[in-house]
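In the two complexes that follow, chain A is the common piece, with chain B as its partner first and chain C second.
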Partner chain A sequence: MTYRLAPIDTGAFVAERDGDHHTVIGSVVRRSDARGHVTGRTEFFEDVAAPRLAHLKMHRSARHHARITDVDVSGALAVPGVLRVLTHADVPNNVYTVLKLIGVEPDDEPVLAVDKVRYLGEPICAVVAETEAAALEGAAAIEVGYEDLPPVFDVEEALKEGAPLVNEYQGQNYFVYEGHHCRRIRFGDVEKAFGQADHVFEWRYQSSPIEQAPVETTGCVVVPQADGRLRIHSDTQACFFTLDNTALILGVPFNKLRIVGGTVGGGFGGKVDVVVEPIACVAAMAVDRPVKFVYDRAEEMQVSSPRAAERIVIKDAVMDDGRIIGRKVTLYVDAGAYARHSPYGTTKAAAHLPGPYTIPNVWADCHCVFTNRTPSSAMRGFGVTIADFALESQMDRIARALDMDPLQLRLINAYRDGDLKAHRKIAEGTALVEVIQKAAELAGHELPEAYRRMSSTTREGL
Partner chain B sequence: MAKLRGRGHASVNYPTGMNLGGDPSQALIHATTTGTFVVSLSSVDLGQGIKTIAAQCAAETLGLPIGNVLVDTADTDTGPHCMGTFASRGSHRVGNAVIMAAAEARGVMLEVAAEELEVDAADLETDGTGFIMVKGAQDRRIHVTDLALAAHFKHGRTISGRGVYLKEPSAPVPETGEMDPDSCQAHACTVAVVEVDDETGVVEVLELFNTYEVGRALNPAMATQQVEGGAWMGVSHALFETTEPYYPVRDHGPRDFAGYLMPGPADLPIQHSLLLERPAANGPYGAKGIGEMTANAPIPAIANAIFDACGVRLTSMPFTPERVLRGLDALRMEEPC
Partner chain C sequence: MPSQIVSLVVNGERREFIAAPGATLLACLRESLGLIAAKRGCAQGACGTCTVLVDGRPEAACLVAVETVADGSVRTLEGVTSGGELDEVQSAFIDCFATQCGFCTSGMIMVAEALLDRNPDPSEDDVIEAISGNVCRCTGYRPIVIAIMEAARRRREQAVPR
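Right after this comes the complex of A and B.
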C-alpha cells in the first residue's frame, strides 16, 4: 500500500499529548471501501435491482415567480408508459420544512407547488412511468399556465419596503429569529470603539451560489415491501433525518419506513435536504411498485440547493499597533425561496464571528433573506467558508493599510486560551498562533523572535 | 504583458459538531462467536472514511486488531440513531459513541477472560494482536476467538456494549447571541503563491503551504487526503465555481461539468501540508472535526495573493479571468498617463 502522508508536528503541544501508546489510532489503516470504489464493486443506491422498477421525473417551473393559473396533465397521461401523474393533492402533508425536527418553524415549502411558484425549476408535477424516457416525455407534455409576478433576486432589494413577497408562509422576506429580523451578536460597544480607533476600515464582500458537485447525484429507490413498509435506498447524508421528515410528509408512522444507505458518492452538504424521498414514496405507494427518482446533472446544478450566495460588510476599529478593538459585521445570506437549512447556517455564521481573533467589541446582524432563486442550503463550511473569505481579505487589507506584516497582524489579534469570545464562551484548545507560526516556517516567511515565542496557552508578547 | 507572481495569507478556525449541539449519535457493538466485533451504526460514509475511523476507534478501545472489527452501517432497522454526516461531526460524535460502546464491551470481554483464566479482571491486558493475557505472565492468555466461544456456550454472556455521544443543545440568547455553539475548534493557516497573467486574467495557483491543527490525526493517511482534497476544493471555489456566474442575475447557469469548471490535474498546485495536534479533551482520542475547515483558508489566501501579484483587490468570488481583467482595467484608468 502506498499513500501520501503529511508530516505531523508533535512538538507544538507536547505537554498535552497522552504518550502515543496506541496500536491502531494514529496508524495508517487502509480505507475500508477503497478497493470497492476503485474496482467498481461498491454498491451504491442505484445498484439496487428492483423488479418492475418505475421511474419518476419532475415537471418544473419555467418561471422565477408566478401564480399558477392552470395545470393540464392530460398530455402526460397520453404518453405510452406513463403510469401516474402526481400533484400537490397527492401529497398528504405537502407543506413542510426540514428543520422542524429541531423546532424550526414555519412549514414554508411545498413538496409540489400548489398555487404559486417561487423559483425557476420548482417542482410542480411528478410523472411516474415504466421507463425514464417515458417519464421525461410525460413531464415535458404537461402544460402549466402562469400569471407572472415580479421576482426579487437581490438580498438588499428583498429587504426593502415594497419588495415583492417571496414566501407567504414566512410572511416577510427574512427569517425571524425569536422576534428579531436577524441573528444578532452584541458584545461590548462597537460605536465607542470606532470613536477610539486610530483607523476605521469598512469593505464589502460578495459570493455567488456554489454547487456541491458530488459525483453521484441526489436520488433514491423506494421498494414497497410485502408487509406494507417502504424500503428506501438513498444517498442521504443523514438516514434518520430523512426518515423522520419523510414520515411526517407522508403522514405515516415512522416505522413504516426503512432507510438503507450509508455508502454515498460524495455529499458536501448537498444531500441533507429531503427532496427526493418523500415524493418517491408517494409514487411508490400510488403505483405499488418500486420507484426510482434520481436527479440528472442539470437538476443537481440548477435545482438542487447550492451553497448560499453571501454579502458581507465588515467595519473595523483598528489601532496604529494593529490591534482590532471593534468589528461590526452585516451579513446577508441568500436563502432563495425557502428556508431549508439556511436559518441554521445563518446562526452558525453568527457564532463564527468575528473570526479567530479576540476583539473586545463585536456587533453582528446576520440576515437570512428570501429571494426568487433556487433555495440554498448546507454545504461544506456552512456559514463559515464565505465569512472566512471576507474576514481574511479584511485582515490582509488592514495589514497593508498599516504597512504591517500580514501574519504578525494575525498573531497580535489571534485568540488565546481563556479569551472570551463574542458569543461569550471562553476559548480553550486554541491553536491559531501555532498554525500561523508553522505556516510561516513552512513557507520561509520570517517572523521576529517575539512573534515566534507567542503561544496559544500564554499571553507572551501581547 | 507579464505573468505576475504574488503571495497571500489566511488563518482560520472551524467548529466541530452541529452548531448549538443537540446532535446525538449512537453505536452498538457485539462480539459474534468468531471473536469478531460488529459495530452497528446508521452513520453515512460520503467517501470521507467514517467506516474506517469507527473501526479504528473500536479496535483501539477493545485492544484488538482492526481485522477483528466489522462496521455495519447504515440501515435504520438495525443501526441506532445518528444525526448524520455533516458539520464536521462524524469522527467526533460517532468516534466518541463507538469508544463508549467498545469500552463497555471490553469490560465484559475482560470479565469473561478473568473467569476463563481464573484471575481478577483488573490483572488482564490486551496485546493488540487478539490475545487477552495476565499482566506480567504472557503465557497465561486466551485468544479472543476462544473467549467469544466460551462466553456464549459456556458462560452464557454477551460481549456487547452501547455508546452514545450528545452535546447538549444550547439556545442562543436572542438579544446578544450568547451561546455555546461548538465542541472544539480546529485551526488552519494557508500561504498561497499565485501567478496572474495580466493579458488573459488567468490565475494559476502555484504552491500552497498549509498547516492544520486537527486535535489528533486518527488515520494520518486519511487526514492527509482530507486536507489535500479540501485545499483543492478551496482552489476550485476561489477560481472557478458558481451556479450563477452573474449573480444576482439568474442567467448563464451551468448545467453540466463542461460549463461548471473545476481544477483538473494540470491546475493542481504543489501542496506542502503539515498537521499539528492539540488533542481536544472531548474528542475521540483527541480528534477534532477537520472535514469542512480544509477548504476555507485557501480562498482568501488566493484573493490576497492576487492582490499581491497585480494590485487587484477581488471582493467577489470566484476570481475569474473576467474579474481580474476588469480589475486591471480599473487600475489602468486610475493611473496618471
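Right after this comes the complex of A and C.
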C-alpha cells in the first residue's frame, strides 16, 4: 500500500527489523472509532437529543481587573424565553481548583465572580433560556457596574514589590510550593562554575499563549434523571476531574452524577479544566430541565485556557571544548488569573531542566505567576515544550558562538546511563546519543569517527 | 414572521418540517430531522464541519437560511452510506488514517464527494483546493489529501468494466 502515510515506520529502519520479533510496531491497526467517524454515527456530546433542552450563555467581565459594584439582571429577566439568571449566590460551593483532589491548594477560582473580576471574559452571570438566541440576548442585557483596579499583565511586573494583587485566595502573585516562592533546583555551585568558565552565555526567551483551537468547542449537555441524578454528556478530556470537582461544587455525593464522555472533538489539553459542567448542572437543577452550555467559537478562542506564555532566562558556563559546566535557569509561567493546571505545569518545567544533558552545576527558579490574563492551563506537553524551545535554541546559539557543530556540542553534553541528574536521580535508559547519531545519518550530516563511536552506556570519548 | 413548513429532499427522501424564521439548514438537519453527522464547529462559515451538499454543491449549512433552499435536494454524510456499505471515500478515510477525533470528518467527506462527482481524476492541488475551507486540527491534512486521492483511484478502478 503505497498511499499510506501512517504508521510511519515503513522507511529507514525497516531493513533492521527483518526477521525480528517485533510484529506490532509498523503493522497497521485500524482505529476502533473510525467507522463511526466516517459514517457520522459517532455520538459527540452535542449530538445527544434532550427533549425540552434549555440553553445557557454567560455574561462575562468587560474588564481585566475590577471590583464589581453592582449587578443588575432585570434586563435579562425581561427577555422573552429567559428562564433563570444565576449568580454566585446560586452555586453551592462557589470556589474551587481543578487539581484539589490531588492536593493542589488553595481553592482560588469562583465558578461565577463574586465581588471582583480578575481577567477579561471572566464569567459573572449565567442566563438560562428556552433558546440559544434568548440566552444570548439575556446575557447581553445584564448590566454590571465596575470600579477599575490596576491590572498587571507581565510576570516580572507581577512579582515586583507593590504590584497589584491579582488573586486574593492565593494571597500573593505566585503559587507557593511547599513554603517556597517557586520550584527550585540547587545542584553543585553555578556561581563557581561561572568563575571557572571560558565563556558565559546568557539569553532570554519568551513565548506567547497558544490556543488549542479544537474544532469542536468546549461544552456539555446536562440531563436531570428521574432518580434525581444528573447525567452529564461532556467533551471533557478528564471525566474523573469533571465528576469529582462538579460534585464538590454542587455539594452532592459523587454517585449523584453520571458522566458520559470519552468522545472528544479535539482537545490537546484545552478540555481538561472543569469549567462548563458545574454551572450547567446548577442550571439544570434550577430549571429541572436538560441544559446545554457550549462555547461559541469566540469564547473558545478568548476565554478557554491556552498554553501559558513563558519567559525563560538561561545563563550557561561553557568551556572552549563545548562542555557546559554550569546552567542557571530562571523561568516564569504566566498562569493568568487562576491556578488551573499551571502549578503542575511549572513543576513539569522544573523537572525537565536542565534538558537531557549532564551538567555538574545547576540552579533553577521556576515561578508560577498570577497576572490579569486569561487563565492558562494544559496543552500538549505544557511546561516542557517551551522549555525545550528555549534549551535547544540556547544549545544552537552556544554552538554558533563557539563555531562548533551543534550536534557535536549536544553529543559532548548528552546524558549517559549512570550520570547523576540535577534532581539527584541516576539517569538510566538514555538514548540521546544514539538518536542524534541516527538523525545525523538520516540527514546526511557528517559526524567524525569519535562522535559516531559514542554511546549512551559509556562515557568513552568524552 | 411566523414559522413555516419547509420541504426538502434529504438523502433522496422528501422531508417536511417546521422551521422558525431564519433557522439555518444546519439547525434543521440536526434538530428537526435528527441528522447529526454535520457538525457545528464555528457557526460562522469558517471551519467547514457543517458542510453538506445542496443540489450537489458543498455548502456551509450553518450559513444557509433553510427557506432559501426550500424544495432543494440535500445530501449529508448519512446519505453516503448505503445499506451499511461504506463508499470509496469513507473506506479510504479509514485505511489512510484520515480521521482522528472525527469532528471534521463529515465535512471533509462531503467536500470530497462533491469533488469526485465533478472530477473523477483530481490532482493533488485540486484536492487541496477542495478542502481549503475545512479545518482539521488533528491530522495535519496530509492523510486526508492522500485518502481522497486514494478514493478517486479506487472509484476509477471500479468504473472500469472487467
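Criterion: the second predicted complex is superposed on the first by the 435 of 462 C-alpha atoms of A that agree within 3 Å, B and C clash if a C-alpha of one lies under 4 Å from a C-alpha of the other, contacts with A are read in each partner's own complex, and residues count from 1 in each chain.
By definition in this document, a contact is a pair of C-beta atoms (placed from the backbone, for glycine too) under 8 Å apart; a residue touches a chain by one contact, two chains touch by 3 or more.
If you're wondering where the values come from, they're calculated on a predicted model, not measured in any experiment.
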| item | value |
| --- | --- |
| Which superposed partner A:389 touches (first chain B, second chain C, both, neither) | first |
| Chain B versus chain C as contact partner of A:238, first or second or both or neither | first |
| Touching partner for A:309 - first (chain B), second (chain C), both, neither | first |
| Which of chain B and chain C A:217 touches, first, second, both or neither | second |
| Partner chain in contact with A:146 - chain B first, chain C second, else both or neither | neither |
| Which of chain B and chain C A:180 touches, first, second, both or neither | first |
| Partner chain in contact with A:38 - chain B first, chain C second, else both or neither | second |
| Chain B versus chain C as contact partner of A:266, first or second or both or neither | both |
| Touched partner set for A:201, first chain B, second chain C, both or neither | neither |
| When both partners are placed on the shared chain, which of chain B and chain C touches more of chain A | B |
| Where chain A meets both chain C and chain B, residue numbers | 3-6, 30-31, 33, 37, 213-214, 264-268, 297 |
| Contact set on chain A toward chain C in their complex | 1, 3-6, 30-31, 33-44, 46-47, 49, 212-217, 264-268, 296-297 |
| Touching residues on chain C, where the partner in the complex is chain A | 30, 34, 36-44, 46-47, 49, 76-78, 80-81, 86, 90-91, 93-97, 99-106, 109, 135-138, 142-143, 146, 149-150, 153 |
| Residues of chain B defined as touching chain A within the complex | 7-15, 19-20, 22, 41-47, 49, 51-52, 55-57, 59-60, 63, 65-66, 71, 73-77, 79, 81-87, 128, 169, 172, 174-182, 184-185, 187-191, 209-213, 215-225, 227-228, 233, 237, 241-245, 247-250, 253-257, 260, 262, 272-281, 285-286, 288, 291-293, 295-297, 299-301, 303-304, 307, 313, 315-318 |
